[in-house]
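Input: structures, listed below.
What follows is chain A paired twice: with chain B in the first complex and chain C in the second.
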Partner chain A sequence: MKQTTGTLVVKLVVLAIAALLLFAPFLFQNVRSLEVAARICIFIVLVASYDLLIGYTGIVSFAHTMFFGFGAYGAAILLKTMGPGWDAVILGAIAGVAVSLVLAVAIGLLSLRVKAIFFAMITLAAASVVLVLVSQLSQLTGGEDGITYRAPDLFKPATKLLTDADGKVLRIFDVRLNGKLAAYYFVFFSSLILFVLMLRFVRSPLGTVLEAIRENEARAEAIGYRVVAYRTFIFCLSATVASLAGTVYAVWLKYTGPDTSLSFAIMIDILLMVVIGGMGTMWGAVIGAVLMVMAQYYLRDLMGAASEALAGIPVLPELLAPDRWLFWLGIIFILLVYFFPKGIAGTAMARGARS
Partner chain B sequence: MEQVSKTFEKLGGVNLLPIILGAVAFVLIGAPSSWVTLTVAGLAMGMMVFLMASGLSLVFGLMDVLNFGHSAFVSFGAFIAATVLGGLSGWLASDSIALNAAALVAAYSAAILFGLVAGWFFETVIIRPVYRDHLRQILITMGAMIVAEQTILAFWGGTPYSVPRPHFLEGSWIIGDVSIEIYRGFAFLLGLAAFIGLYVLLNRTRIGLLIRAGVEDREMVESLGFRVDRMFIGVFMLGSALAALGGAMWAGYETLITPALGAEMMIIVFIVVIIGGLGSIEGTLLGALLVGLMSNYLGFLAPKMALASNMILMVAILLWRPNGLRPAVK
Partner chain C sequence: MSTPSLVTQDLTIRFGGHVAVNQVSCAFHPGELTVIVGPNGAGKTTYFNLISGQLTATSGSVTKDGTDITRMSPSARARHGIGRAFQLTNLFPQLTVLENIRLAVQARAGDGWRMLRPVSSFRGLTAKAEHYLEATRLTPLAHQKAANLPHGDQRKLEVALLMAMEPDIYMFDEPTAGMSLDHAPDVLDLIHQIKADPTKTVLLVEHKMDVVRALADRIIVLHNGELLADGPPAEVMGSQIVRDVYLGTSEGAA
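For the complex of A and B:
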């Protein structure tokens, strides 16, 4: 890849984000900020794994939250039935990945063979059926209410990682070294490992084949690569990563329900993040996820204030109400696809080419 | 085996599927009266779904454009018709059939008019810049759908909206021990009329000939000097108007509608279009009837299964005919 000043800037930004996330518990000492930081970590992985599909292979799937949900529900159901423990988390992760793989292979072989455009529709249908099933099978999944459970003991807020001379929790820079901190670093490092693995994958010869398929399917087939097999493989890979991200998120939240893992709203979030950040670059996933999650948490407050300020004018307050923030994001999304189809990272990386 | 498939083709091939499905269900259900009720409900649902799906199928066939925002027309149609009916509730409550019918016509016309205008706007503003680019089409139309759904939420709120029915369509006909809801019969007949109109338009008129030729081989038609892109706007507007009409009828059928209606119907519409094969209205009708009948029969026979019934139907048909039952696109 050509080195441009833009690429350098993007990489520096990503590095800065990584540093901020690493020290997040020390830099922002309140519960909400830590929540935001953990969500950003998870969504970076989720969006990057989706980018493997849409950006590196050019196939659009609407079933990504389905796999995310399988991972989350796998851990949630086992943590609930087996009690808090690492065995439940690991078994849940394996179960989630197994279910995801079976479904991914089935969907992939069935629809990737026929027509790429069918794939989008079939994944959408499959995801909606799973969503309905989860809300119906309430004995197993808790239905619309979801499942609440306890995480492994290490992550309890009362757990003392290190104690000082008096037997109290040791503080570093005023931050208590308790279970909450351990949970955050569990999320951070799992996400980091998954992200680095994906980064390594797209630079591998296999990743290059996928790019070749995206650029010219017929030519890749003619050179002798079996397009269907490669597409199905990448679909399975991205499903696996999404499922693992779901498990990590389930452990962090200690609650799993349709709204946190399966709902169509999350699928739209992922799509927005990929497009805003930039398709086809792993760095774009980082930027998109950070911007969107921040917007989710902080833009709503802003919109609420704007809506109140405009009370009295018809329609406008309703359009500016905090619940309508998707409306504005939808418009931004359309404009981005028109004018900056490469997203923020892609556009930036094309700038300032060095000869 | 070969003999069987030959006879099957001679008797009408895939067109027989709804009849076979009906016959199987008749045996399984046992009671003729409930079978008739379910069949009428299934046919009515199928016809409304056909209206919603036909535009999507034609648009894809003619221009290779996949519109994920198609369901926005359906939900807007439903809400606009509901608002008009609510505003004319005085006419609806009166005993005069003429006033009843006038209110209904006004509601449906409003929905259709909206569909035409919105279809024109959607085509020129949203879809035109991304012809021949599937990935961006999917993304942009998806974005448009989000905006449309949020607009509905802003205007009509998130609570369920009740839709008044005209007085003369309330109640049911009772023949022997069979009862048929009048609205279902009405929906079926209106849908059938729309299908016949569409069929005649496509198969008996010059413009229909051009549209079918465009679906078959667009470049050839263009090289003969016809403006396929202008025709395409017309087809798109017609498809949007039909979707809005389908939504308006669906609103009366459900009597309680929420903004989630569009998203729910979109799944069904996609399944119908995939089953039927993209680009042909006959295929779409076949798919819509199959989906309508299947979900009503299974809803009666095995309520737990009904949720996944459409999905199972789609998988089964795709395994048998990977391009759908009657595809028009190569």
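For the complex of A and C:
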């Protein structure tokens, strides 16, 4: 198929984002920026895996953070009990995926036959139950406080990846080659691998079947595709990826609690990101995650600066006070949806199509 | 005569108190084209839905080459070689014409679960899809979205999807409905070609009498969900009872 100029632009933007993320530790040398970059990596994977459901197959689920949480808590609980080590991380990832798969298969087989709205309600119920369970089973999960633990030794800030002649940690462009850097690249490359895998899925024959189900479920069934099996499968696959993303994030944060991995606030973030970026494009996940995470971290600062700069003028500084950042985020969201009805990537890719 | 490929035995479906198809027993044979006629509401499309699986019978059975398929899902029946084109156009609107057809080819080939290589690298699938594009004269429209096609071309794509499934049983539900005169012959030619293959069974719901005369080896008449007449075209069209319920009322309109 011929590419539109819009598609080319979107791909270039995504490539630029990938390059910025790859060199983030060298380009933005402070703790907070690296925190933002790692969060962006994780959310790209999380949102892309959600896009497999909502954008490609037309399944609406509210249980995506639940799977993310299983992966995070799997690693967190095992790192806490077994001590910091790769065995704990790997077992945690496997445990998270296993629990996710059991629940995804159960929810899928029980309810993917019913109408979309009932399915969405069932996922909402399952996610609520898990959220309550996690806060109640505080011996295991730390309840509302969550769990703090240590990551594998490789990721300790004191770890020296390379040393110079004096035995001090080597610096490249003034960046210490320490455990923090290793941890970031663990996040980056895990996310990259998962994202590229998903990109392959959607381009494959399987991906075309998913689109067919979204477009016309009855006809997909009529030409010979077992729709329930495909939907259950993609629900499981999406849950697996979300769970793995949760494990990676837990290793990076060295803390797991309801607010970092399970809350409905994250579910809403995912929904906003996928809508802002554009459903059914994969690239939309990248753009949506970058914009949303950046806004969450920097909109307040930006507004604070703007408010100070306009100190002399009446009303405006008040309007731009940092406390009102959520108000402005809401307005930006409404404008984005109005001007980019298919999301930023979706709308851009449709541009320049007509010859 | 050869053994039948498709048999419906006492096939019945009730919607509440209404019996839409009532104890229809009929056998269809390879190499035979059967036209199903009847006034509106006679149960023709419902009968089709019972055979291809969109509806499940209240009682009676459907067998394909000796296998009971009465309770199977539509996709399982499709994999058993029953292909269906719909009366109301029923496509994948946001996908291109080529992608639409390739989906049907891919379903037939059983490649739907392949997930690690891009679909574009499956040259065989695309080549076959292009073959059916050519056969239905849709090649110039290959990269148009199905939703953007004119009605006549959407009808052709509907037929192309059925062709690409390469079924044993072809079921056409008014394939030329709403088609302009320059499009209809393309579709009728295709049906002629399928009919020429002695291994294929063709079922056709059709109102236009010239089409019925040109294609039918056999005609069955449904009326109020019941099988009213069954036989060679000349015999059925000549019978008084058929004239009364059907031909008398709608030949002028057709």
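Here is the rule we use: the second predicted complex is superposed on the first by the 310 of 355 C-alpha atoms of A that agree within 3 Å, B and C clash if a C-alpha of one lies under 4 Å from a C-alpha of the other, contacts with A are read in each partner's own complex, and residues count from 1 in each chain.
One rule holds in what follows: a residue touches a chain if its C-beta (ideal position, glycine included) is under 8 Å from a C-beta of that chain, and two chains touch if they have at least 3 such contacts.
Just so it is clear, the structure is predicted and the values come from calculations on it, not from any experiment.
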**OP:** Quick one: classify A:Leu140 as touching chain B (first), chain C (second), both or neither.
**Re:** neither
**OP:** Would you check which partner chain A:Arg219 touches, where first means chain B only, second means chain C only, and both and neither mean what they say?
**Re:** second
Original post:
Touch check for A:Leu20: first (chain B), second (chain C), both, or neither?
Top reply: neither
**OP:** Using the superposition on chain A described above, determine whether A:Ile334 touches chain B (first), chain C (second), both, or neither.
**Re:** first
Original post:
Should A:Glu211 be classified as contacting the first partner (chain B), the second (chain C), both, or neither?
Top reply: second
Original post:
Touch check for A:Ala120: first (chain B), second (chain C), both, or neither?
Top reply: first
**OP:** Check the residue A:Ala306 against both partner chains and state whether it touches chain B (first), chain C (second), both, or neither.
**Re:** neither
Original post:
When both complexes are superposed, which of chain B and chain C contacts more residues belonging to chain A?
Top reply: B
Subject >> Contact residues of chain A, present in both the chain B and the chain C interface >> reply: none
Subject >> Residues of chain A that touch chain C when the two form their complex >> reply: 1-2, 200-201, 203-209, 211-212, 215-216, 218-227, 230
**OP:** Report the residues of chain A in contact with chain B in the complex, numbered from low to high.
**Re:** 54, 58, 60, 110-111, 113-118, 120-122, 124-126, 128-129, 132-133, 136, 264, 268, 271, 275, 315, 318-319, 321, 323-324, 326-327, 329-331, 333-334, 337-338, 341
**OP:** Over in the complex, which chain B residues touch chain A? Could you list them?
**Re:** 66, 68, 126, 129-130, 134-136, 138-140, 142-144, 146-147, 150-151, 153-155, 263, 266-267, 270-271, 273-274, 304, 307-308, 310-311, 314-315, 318-319, 322-323
**OP:** Could you please specify the touching residues of chain C with respect to chain A in the complex?
**Re:** 52-54, 73-76, 78-79, 83-84, 86, 90-96, 99, 102-104, 106-108, 111-120, 122, 125, 143, 161, 165
